[in-house]
Structures are given as structure tokens and as C-alpha cells.
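Multiple structures follow.
Same chain, two partners: chain A is paired with chain B first, then with chain C.
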Partner chain A sequence: MKLEIAEPVDGVVNVALIGRLDTPGVDKIETKLTASLVPRGARAIVDLSQVEFAGSLAIRMFITIAKALARNNGKLVLYAPQPLLQQVFETASLNDIVPIRADAATAAALARG
Partner chain B sequence: MDAHSLELSFPGTLVGFEEAFTQLRGALDNADLSPGTRYNVELVFEEIVANIVRHGCQPDRKVIVSVTLEVGRESVILTFCDDGVPFDPRDRIDPPPAKSLEEAPIGGRGLMFVRHAATAFDYCRTSDQHNRFVVTLACAR
Partner chain C sequence: MNPGQSKSVENSPGSTDREPLSGGSRAADHAGRTVLATHATVTDAVTLREDLKSYLVVIEQDEPVARHSIGLEPLTVGRDSARDIVLADAQVSRLHLQILLVNGEVVVEDLGSSNGTFLEGRRLTAPAVLPPEGWVQVGARVLKHERRSQREIEREEELRRDLEKARSYVQSLLPPPIGSGSIRTDWFFRPSTQLGGDAFSYGALDEEHFAAYLVDVAGHGVGAAMHSVTVLNVLRQRALPKTDFRDPAQVLSSLNTMFPMESHDELYFTIWYGVYSRLTRRLSFAAAGHHPGFLFARGAEPLPLRTPGPMIGAVPQPLYVNADAQVPPDAVLYLFSDGAFEITGADGRQSGLDEFLPLLGVDDPDATQEAERIYRAVRRRARPGPLDDDCSILILRFD
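After this line comes the complex of A and B, so read on.
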């Protein structure tokens, strides 16, 4: 699992996740992702287009970070999940909890909002 | 490695989990499953083994996990055995759907995914003190 964090553009941090968000994958990135976003109250968008797999631990990670960001005047928006990930997210009704958008532009607009 | 069956035995640790998952995915590469079915097999493996590693292990001794994969024409059967603390997954209730970030529980969704993916699942505590959990998934064609 790889994590790429870009410099903010118009106040929004774009994060790309690459690989598998299974238990080992989440374990590899969760601490760094949290530390990169939460202390600064980031408005962040997360590119999921290159994530091949996600389970409940990934959802737990996103909800935890989103809650911490909300307390810090930040926001988390996910975007471009692959179809099989989207089905998992729908099973969990994740979009009612952490917004999911189709692309970076709409995700960034929501994060800025 | 047989495209239709696989037996794994590994320690209930993060390293053991990762290595076993790699072996499972290698077996699935050789099985003729649709992408959706394959994803569900991996998801069930992920959720059950993660539960064992996170909750089933005991501080004073290693837990050993055994997983059997059987791929048939109509279904895939995953059988999980572990010698950790007793745990009947049928007792767990799915978290209620949350309508906002504020009210959403952080976790507790793993078994919900297993129930959603499976056409059948069964659990027993064996006479030699193992948890045995059998999950059947339909093969989408």
C-alpha cells in the first residue's frame, strides 16, 4: 500500500492511495495519513482510483480520520472508487457518513465548501 | 497449487495474515471466478481473519489459524478454524445505518460484509476447543 500526499491546491490536500486497503495495507499507512491531515485540520480529498481492495478496516480508518478532521474544522472527501469498492461502500452506507464523489474536481469543491 | 482447493495454516499475527493472504490470492489467480465473486472471497477472508488476529489472540500464547478454500462450479466454501478465544459471529448484530458522521459508529461492520457476501454461514465450537466457521459464497457467472 502506497500513500502520496500532494501540496495543497486552493486549500485542498489531494491524497492518492495505491494498492490494497486490507488489514496489512491499512496498518502500513494509517498512522502517517492521520498525522499528515488531522493536526493541520486539512480539507482533504482522497483518490481511490488505484485502490484494488478495501474492507471494513479501511472504512473504519476513513471514518476515524473524518471525525477527527471535523473536530478540527477540516473535511474528508473520497473520490473515484473502483466499482467493486463502491459496492462495499454502498453496503456500509458510507456515503451518508463520509462523502464520496466521482472525480477530483467535485470532491475538491465539496471539501472547500 | 490446486486451482480448486487450498489449505493454509498460519499464526494469528499481522505477518501471518499478510503471508496467508498472498497465498490465497495466488490460488484465486488460478481459479475461474468472476471479479465480483473473487472480491467477495477476499473480503470474507479479510474480515474473518482480521477478527481472529485482533480479538481472538491471547496474550500468553500464539493462536494458529487454518483456512480451507474450496472452489466449485456453483459455490466457493471457506472454512476457518482457530484455537483462540471462543467467538460465535452469529451473535454479533450489525451496526444500525448512520445518517451522519457525528452519529456513525467507527467500526463493527466486518461481519456485516461477511453476511452480505455469503449465501450461508455456520459456526461451531469444536470438542477440541476450536472456533470453526464455514462460509459459502455463490459463484456469479
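After this line comes the complex of A and C, so read on.
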């Protein structure tokens, strides 16, 4: 599992996740992702186009970070999930809690507010 | 749609990746200066790193059963009692393979076995390096290379004992199968090594109504298991205030009020909850972040029983809705956790619900064993070693 965090553009941080968000994958990135976004109340968008799988721990990670950011004047928006991920997110009604958009531009616009 | 409202369902279908010492330990000391790590932490970590040793862990039916230290002297593996590791398996040759350290790396070599040694799914034709966390398959057994310090092994052993206690407790709360009557049940529950948060139950609410539900707490370990047990107990004892347990959406709303994740160690859970009326043969149900249950009836496509709604505890006052379905004679309802279908195959490919569904609704000569048969089929598809998550399969048969 790889995590790439870009420098902010117009106040929005783009995070790219690459690999499988199963239990080991989440264990590998969760602390770094949380520490990179939450303390600074980032407005962040997360590129999921290269994530092959997301389990329940991944959903929990996104919810926890989104809630922590919301308390800190930040925002988390996910974008470009593959069909299998989209199905998992729909089952979990994740969109009710963490917004999910089709592409980076609409995700960034939402993150900016 | 408000809670309690109903709608009809259409009848359609290696490396541990530790941070480097300097990176992970950056902190300000009391004088406000930035230090990379204290002397104590460096010493501790160096000692730990030097203490790392390679072990071969024997895994049988998802469970680690033995751990052997790997050294410069070859560890021989075979069916013969003279071997260092004896595997009582007809597929294993008397002298099957050997494993040893060569230049600090673990090397595995097949010694002319009849049925072969498979490294990460590929048959060995020459000695090969077995990396940390790598595995070989020999007959029905899996041999995994773990690189651990003595301290890590002791911690793991302690955790394993705690998990075993928690697992026994969860299993003790699961209901006995019902073998006769107008509703018969069968189930199979296989906790993962780390113990996920699955739990389920069923039972009569009154003379007319029969409830069944399956809970899956997001996370692993004792914490997730104990959370699922708490939820299970609340449902079994009907301990939700001002709640009609015949109304699935109302039950989910009450659970959400009782279990906000902020107050429960950031744990949330998914649930499928259904209530069957013996009088009307209607099944009313609601789900919270959970994939559908499936109703199978003769001559009809499998009916997915799904409703929208977020997982329990994630947001305050979410909207849960009821749906219902008519239950034809001899229909079968399948409930299962995501651990039953989110499977990684031996080739590394991820399978999902589409691959799982064909395992259901198959005429089974011994219906009381169907849940276990389904699990065995899932197990055969999965890569060797323990499954990633708990696997729960609950089957209800209606007369």
C-alpha cells in the first residue's frame, strides 16, 4: 500500500492511495495519513482510482479522519473509486458521511467549499 | 421514508514497514529542541532489531499450530517421524522439503517430494528464498516464514490467549441450530486469527414473530469482538428503550442512539435485522451499512434483501427504512458477513459477492451441513493461511 501526499493547490491537498486497503494496507498508512491531514485541518481530496480493494477498516479510517477534519475546519472528499469500491461504499452508505465524487476537479471544488 | 415505513421489494435479482528510527521518533525535548530519538529508544530498538529471528510457523485449517526456529542446520519436513517437522498428511512425502538459513536468507528446497512444494502458489523446481511473511504449501498444510523478536513472540502469545478467550465467549453466545419446526436454522462461524467482530442470533419475539440478525463490527481484536458481544446481548435481552423489536428500522435507530462511535472507541458496526411473521409469511427487514441477505425460493431468482442506511454509530439520527418480502413455501434465507465473500485467492485476485452467490441455493443432500459446505467452498478458493476476516454464514429455512 502506497500513500502519496502532494503539496496543496489552491488550499486543497491531493492524496493518492495505491494498492489494497485491507487490514495490513490500512495499518500501514492510517497513522501517517491521519497525522498529515488532521492536525492542520486540511481540505483534502483522496484519489482512489488505484485502490483495488477497501475493507471495513478502510471505511472506518475514512469516517474517523472525515469527522476529525470536520471538527478542525477541514474537509475530506474521496474521488474516482473503481466499480468494486463504489459498490462497497454504496452498501455502507458511506456517501452519507464522507462525500465521494467522480473526479479530482469536482472533489476539489467541494473540498474548497 | 421514515423509520417504520415499509416498501415492497421487487422480485429480481514482508516488510513490517516500520518507520526508520529517525523518522518515526522526531520530537521536541524539554528545551524545545528537535531530537531524533532518545538514547533509551535507540538502544531499545537496536536490541530489538538484533533480536529478530526467523521462524517457520505451521498452519493447519487456518490456525497456527507450531513454531520452529530456522537456523543454519536444515529443518527437514516430512511424514516420517524422524523429520524435524512431522506432518501427518497423506499428500506429504516421508522426506518432503528442507528449510535453512543461507547468508541470512531463508531458503526452501523440495527434496523430490511426490506432490510438490508450492511457494506462493507456484511449484518449486529449485531452491528458492522464502521472504518474511512468505509461505509454502505442502499438502493441506501451510508453512509460513515469520521474522520476530522474542519479545514480539511473547506479546503475540499473550494476545493469542486473550483472543482465544474472547473467541470462546463470542461462540458461547451464538444460538444452537434449530433442527425442526416451521423455521429451521443452520450456521457456520469461523473467527479469523485476529478475531473480527461478527456475531449473530435469532429467536421468537412472540408466538407470531421470529427475528434474525447478523452484526459485523468494523475492526479486529478483542475490542471489536467485545463490542459485537455487547450489541448481541442488547438485542438478545431486548434492552433498547422504547423500541418495538418487530420493527427493524426502529431497532436500528435505537441501536444508533445507544452506540455512537465517538463513545465506543471509534467502533461502528453494520447489521442486517429481519422479522418474519408466521401468520402472514412476510419478512420485514432493514440494514445499516450491511450488504443484502438473499432469499431463495423454488423457481425464482434469488431475491436480494437490501435497504439503504449508514452503519450504526457513524452519524447521529440517520434514516433507516423497512422493506418487506413475501416468503414462499420452502424458501431459504441466507445471511452472511463480508468475510464470507471478500476473499483473496491464491493468485492474489480479490473476489466479491458475485463469486459468492453461486454457492448459495444449491440442493444439499444434508441441509444441516450446508453452511459448513459453503464455508469449505469459500476456503478452497482463498489463498492458503487464515482468512482475513471472520466468516459467518447463517441459513434460515422456512416450511
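Things worth noting here:
Heads up, the rule we're going with is that the second predicted complex is superposed on the first by the 113 of 113 C-alpha atoms of A that agree within 3 Å, B and C clash if a C-alpha of one lies under 4 Å from a C-alpha of the other, contacts with A are read in each partner's own complex, and residues count from 1 in each chain.
Here is the rule we go by: contacts are C-beta pairs under 8 Å (C-beta built on N, C-alpha and C of every residue); 3 or more make two chains touch, one makes a residue touch a chain.
This is a predicted model, so every value here is computed, not measured.
Superimposing the complexes on chain A yields a three-chain arrangement in which chain B and chain C clash. Once the two complexes are laid over each other on the shared chain, residue contacts for A:Pro39 go to neither chain B nor chain C.
Contacts of A:Ala70 after superposition: chain B is touched, whereas chain C is not reached. When the shared chain is aligned, no partner comes close enough to touch A:Gly11: not chain B, not chain C.
Residues 22-23, 53, 55-57, 59-60, 63-64, 67, 84, 87, 91-93, 96-97 of chain A contact both chain B in one complex and chain C in the other. For chain C in complex with chain A, the residues that touch the partner chain are 17, 194, 216, 218-220, 261-262, 266-268, 270, 289-291, 306, 308-311, 314-315, 318, 338, 342, 344, 350, 352-353, 388-389. Chain A contributes residues 22-24, 27, 53, 55-57, 59-60, 63-64, 66-67, 70, 84, 87-88, 91-93, 96-98 to its touches with chain B in the complex. For chain B in complex with chain A, the touching residues are 14, 17-18, 21, 35-36, 39, 42-43, 46-47, 49-50, 53, 97-102, 104, 106-107, 109-110, 112-113, 116. On the side of chain A, the complex with chain C involves touching residues 20, 22-23, 28, 52-53, 55-57, 59-60, 63-64, 67, 84, 87, 91-94, 96-97.
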